[in-house]
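By written order: A, B, C and D. Residues from 1 in each chain.
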Amino acid sequence: MLRILYFAWLRDRLGRSGETLPLPQGAHCVQDLIAALNARGGEYAAIFARPELIRVAVNQSFATIAAPIAAHDEIAFFPPVTGG
Amino acid sequence: MLRILYFAWLRDRLGRSGETLPLPQGAHCVQDLIAALNARGGEYAAIFARPELIRVAVNQSFATIAAPIAAHDEIAFFPPVTGG
Amino acid sequence: MPRVTIRVQAEAFDSAHETALLLRGHEDVGGVAAFTGIVRGGGGLVALELEHYPGMTESMMRRIAESACVRFGLAGCTVIHRVGRLAVGMPIVLVLCASAHRGGAQEATTFMMDWLKTSAPFWKREEFADGRSAWVEARAQDEAAKARWGSLAACDGGKKN
Amino acid sequence: MPRVTIRVQAEAFDSAHETALLLRGHEDVGGVAAFTGIVRGGGGLVALELEHYPGMTESMMRRIAESACVRFGLAGCTVIHRVGRLAVGMPIVLVLCASAHRGGAQEATTFMMDWLKTSAPFWKREEFADGRSAWVEARAQDEAAKARWGSLAACDGGKKN
């Protein structure tokens, strides 16, 4: 199972901080996962149809949407960071 | 009377931290005072014959050797500063 | 080995105590540069709520700190970032850099703040006196500030093994 | 009015306490940059003896601090310089600059240290383990560091009235 995490306003909009999910059929990279989430419609579509608004980490390192994913990966979606 | 102060290695070499002195005859600027001190010979000459080694303050502000001086001024001689 | 300390905590920090810990036993340090970020008031702001990504935050902070130690030849550095609700006037973040010479410590502090602001997964929500609340948006100028340091293999989007 | 604190003292200072005093009642501060100078060991050095020119020291420190407040728009700054005998590892000098934004506070700290090192009348004598002792010579690079800030009417050799 993939472990998906949502932070900041993504979590607020989706109403959840994370979920577990089997690797979607034929998904090889982050972009494939985004397409699967987008296909859910509703708030998911509102967010994942605009990937330029979100940042991704795969296994706790920043990643691009082209980054490969595999079963058991931890994939986090969040807005650009604003700490410091 | 002028109040003359010496700091750091100037004080060590001259064996005194200061002195009071009447304004030397015809002295109008720091350079004239330096000439009068240099004329004493000994350690005074060793130091004041090389004014490039020393820095001057007149009434507690940095000054050049061309700065005017007058009776009752406080004139300090010291090496370049090394604080901080 | 440089002495690197990383912490994410709700509690306040004591910069003098942290400086003493950083310096302990280091006779080759000539200066410690520090930056303390504070919740700035204005526009009716009451507090910030700081959220982070536990695990990734600490590992990114450590990578940034270790890069700074190598790049600026630091004797050590300490980075403490607070989370949770922080009222106006409260300290949010502390960066301490110890070095033989002043310039390295000061530059390293700037470097660490520029990277922290853009590469450590923290998010701020603002709470206002009138009850409004809003997530802070990232600023393009923070990315520009980071960019002037060039790429940082250990921090710049590399995939961790 | 910026809050300026200047002190020359033999005693140690507490940077956290000084930071709290500097910030008290200032809701418009977003960051405090600090630099603490430390007696760096090496080459058999045991201690420094710090001498100053009482009166002129304080007035130069104040002029430098007030210039920094104007130039960098600081909410305030604190400069504390110790004198007397300071063993290796002891703090010598503390500069704190508080500002709405980070960059101003950090730049102001560098500016103040560059000016302090070249324009405040302090002198250091080094004491070594073998009994030798020698006055520290001024470094050309300190003058060069100051020079990059351009002239500073209030500090640059002007005669005080």
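Some points to look at:
Just so we're on the same page, a residue touches a chain if its C-beta (ideal position, glycine included) is under 8 Å from a C-beta of that chain, and two chains touch if they have at least 3 such contacts.
What you see is a predicted model, and the numbers here were worked out from it, not measured in a lab.
Chain grouping by touching, computed with chain D excluded: A, C | B. Using CA-based centroids throughout, the chain positioned farthest away from chain D is A. Chain centres here are Cα averages; for chain B and chain C they lie 49 Å apart. Look at where the CA atoms of chain C average out and do the same for chain D: the two points lie 24 Å apart. Chain A and chain B have Cα centroids lying 74 Å from one another.
Multi-chain contact residues, meaning those touching two or more other chains, do not occur anywhere in chain A. In chain D, the residues that reach two or more other chains under the touch definition are 37, 113.
Contacting chain pairs (ordered by label): A-C, B-D, C-D. Only residues 37, 50-53, 55-56, 59, 81, 92-93, 113, 116-125, 135-138, 142, 156-160 of chain C touch chain A when the two sit together in their complex. Those residues of chain B whose C-beta lies close enough to touch chain D in the complex are 5, 7-9, 12, 57-64, 67, 76, 78-84. Those residues of chain C that touch chain D in the complex are listed here as 14-17, 19, 23, 26-38, 40-42, 88-89, 100, 102, 105-106, 109-110, 113.
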